[in-house]
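Next come two complexes built around subunit A: one with subunit B, the other with subunit C.
Showing the complex of A and B:
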């Protein structure tokens, strides 16, 4: 904390520097001790859970021999969730901008979408998309457009991705809306005063700031989606839950396979939380003192 | 930005025009010729029902298979349904491929051509026949009641009247409990009265609940006799209560709302199954997987009314 002055006089030394350094060191030590305490609590809880698991009638050897089939399913789970969260984000961006726009058509469509999709269960949406869309496609085919009709006959994985994207898009529309609205109105006015078009205001002023607020919630949604993606197993997609279930039934090893599946989901979400934390830190860089 | 919009608009328009005009060759009008042209028979199954359909101990994809990547091959699944379906495909001169949708999606019909046939131990019922066609049944299943091993209070199925009984939701066992079950060609004696049916997604979950103890969650489970027997063979603490309650006929199913006419396929499959009954293949497979010949009784069933 030394500063050079222009007269060539000896550098000024902050008389309180040692006190400040001491304070920083104390904070650091406190944080470290707190970290150790939290780790101890975690260790205790892990011991408790492990103890509980030891009381279950399970065969650890079976779990060790079959964790790799769950890993295969984890690939599918991750793929479905990643594609779905990406398209849900796009939907949410469009939806939130529409909800906040003054255009009655855009506002109406977005409001209707959010209300309809948030108001119905995901599993029913999956059934409707998988069973219902082909019937619409059939009608279109009969009208003489077989190529368009074919688009409506979705396989299990695309149908699952569509359902998850639509569903999460609706929830995330509200998250995005809140994020966009959190940016002070004065900034928009200032940008307009500088002659920016509405698109420029959104792209250069509002979005870069709103993203920072939105990211933690999107991460949350992604974690939730990884587990909701288990619902696409009803269409016969071989993701974690489906595989765990089928092996469990083949060998009557329910607890074993469900525990391995639970561990797989947990590890996936821990990895996602890390990613989320890293992204949050990056986004917050400009705001750090 | 404007340029981007123009490019996107042009691409969208082009895609639309291409997809609309994309001259599609006159599609095959019947399912049998489509199956033969494709070289694969796509069958729906759920590998959650040993010994009818389950995962192989060491699943390995059949080398050089014509099945698509999201379909399962003969190298990955095994069981009585699987072997029967493979024999049907062999009779048609094509390769069997399996998809694994939820049971509800199979019985709902409207398969949209995603699979051609269900060989999944499906009981022929009048309700299902509204959405599906059935071919010649390939075996029968006796439905039986199972109770906890140490129980001594129940002597016959009739003793289960008024008790809490686990069944799979939407299965014939549930209709049996509420007295609405109709099996074509069979007179059913509804011996269990006023029982509380507790429904599960599948029988195995119900059995798992029964195995927790006598009356803990369930007093009994009604399921297919071979399914319960398999649990007993696995050392689970349950036992069969009395004689089977009724017999069901299980046959291959086809989509009533199929875009391609399925009647030629139904006829061909029924003929193949009749042949498999005649030469003893089905009885042999049944002995191998189920431990008793449940196929013979299905040979004489007249399924022609369900294929029209």
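Showing the complex of A and C:
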């Protein structure tokens, strides 16, 4: 029993003692100074790259004149990513519960879906949905069902959203499955013993706990998706990459436009990381209070 | 004593694959009776308890709880409904507490009434507070489980089970996961419940509790009930040599 005191980290500092307080303050100052140094290095790197660009006749004036069209594209990128991550989350929820269910049909369909999507490139999936599906639609129309055939002919934006949702839904199915499985079996048993139905156990006990574990991963997936959404530019969706490409070709300003595009993605992902950190902090508080 | 039993287990068998864990178990619990099950680790005590509320599926035999009878091997909607109703009539307390960490203490206690019984929240809160008071933890109602000691967690778990107003309480080694200094507070709560007339079936290694509180002690070994009688007789003049050995081990201070 007494050995328990030695299992954790040794209590080096008692923060209530003045000496401890001094130590904490010192640590805080050290961390602050370290932060300033790192920021300086970043600033130096950015200055270096900028200097190099200027020497190599990259035109900052052109970049400044065109950042606003990229900003419009960023709106589309964000919109496509937000809608896709939301539907991917729904798919993943459905997929993970199916994979864990005892129903062989649900299990089979979910397993097939995950395997198929994870085993093929996203770009091929985009082509299949945007260029392949209309072919099927035409066949069905010719068979005399134009109403059904029309469903298969998607505009670029819905096609992009569908492709991203399906793709991320599959990867996130595995993340959700791990999250659901991480909730101890005792939780399920306690709920069953209270008389809960499987649906109630999932909704009231397992999901609320699993979501706290899953949220950081969904954030990571959202950040990755913002970058992967560049692939939907192949369908002519007016998002960041497509717009950058278009202007770059027209004016032969490749470096300029793609640098602005890169900056736009970078800023988007940094903002998303902040949002994610803030969300996680709030979630963590709920367990304590 | 010979009123209608509240629990009647007859001819119960349980196999885990090839492992014959319970062999022809027949026991009864009368209303307001406190029955303690003792036995060595692995003798099948938990499995027996878990068969009564169908956390484990019995392989053969019959389970009766408050006039509801379920026969092993039956499937179908009607059977599932019976099992559901039996679960409503039994409250279960686990060795590992299994409180819901994402809910406050009070929310843990009212979760059953609100979600399962569809009780109005205000009414459930009233019942929840009353039962938290019974286990002496009303002051902790807004706390989250991770802020409680092990003993307090287990008392909340008892309140959570009581809030469903079950006909019988099942305890599976409720103090085995506790530090020695926290065991007393949980046993005291259980003793109080027993005095209030709660029907209890308790798997335990706490021989002092069994001797003092139980009306009857059931001794299990290798998946069978080898002896059952009132505590004085089991502890003072055990008949089966395996019971003697078990009690001897506790006398000499060894747990399990």
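We take it that the second predicted complex is superposed on the first by the 229 of 289 C-alpha atoms of A that agree within 3 Å, B and C clash if a C-alpha of one lies under 4 Å from a C-alpha of the other, contacts with A are read in each partner's own complex, and residues count from 1 in each chain.
Convention: a residue touches a chain if its C-beta (ideal position, glycine included) is under 8 Å from a C-beta of that chain, and two chains touch if they have at least 3 such contacts.
None of the values given here were measured: they were computed from a predicted structure.
Look at subunit A after the overlay: subunit B and subunit C fit there side by side. Among subunit B and subunit C, the chain that touches a larger number of residues in subunit A is B. Judged by the touch definition given at the top, the superposed model places A:227 against neither subunit B nor subunit C.
Per the superposed model, the minimal spacing between any CA atom of subunit B and any CA atom of subunit C is 12 Å.
Touching of subunit A by both subunit B and subunit C, each in its own complex, is seen for no residue at all.
Residues 1, 19-22, 24, 27, 47-50, 54-55, 70, 99-102, 104-105, 108, 110, 112-114, 202, 204, 208, 231, 234, 236, 259 of subunit B are the ones that touch subunit A when the two sit in their complex. The part of subunit A that touches subunit B in the complex is made up of residues 127, 130-131, 134-135, 137-138, 141, 145-148, 151, 153, 155-157, 199, 233-236, 238, 242, 245-247, 249-250, 252, 254. On subunit C, the positions that touch subunit A within their shared complex are 53, 55, 84, 87-88, 90-92, 94, 96, 98-102, 111-112, 115-117, 144, 146-147, 157, 160-161, 164, 179-180. Residues 1, 184, 186-187, 189-197, 200, 204-205, 208-209, 212, 286-289 of subunit A are the ones that touch subunit C when the two sit in their complex.
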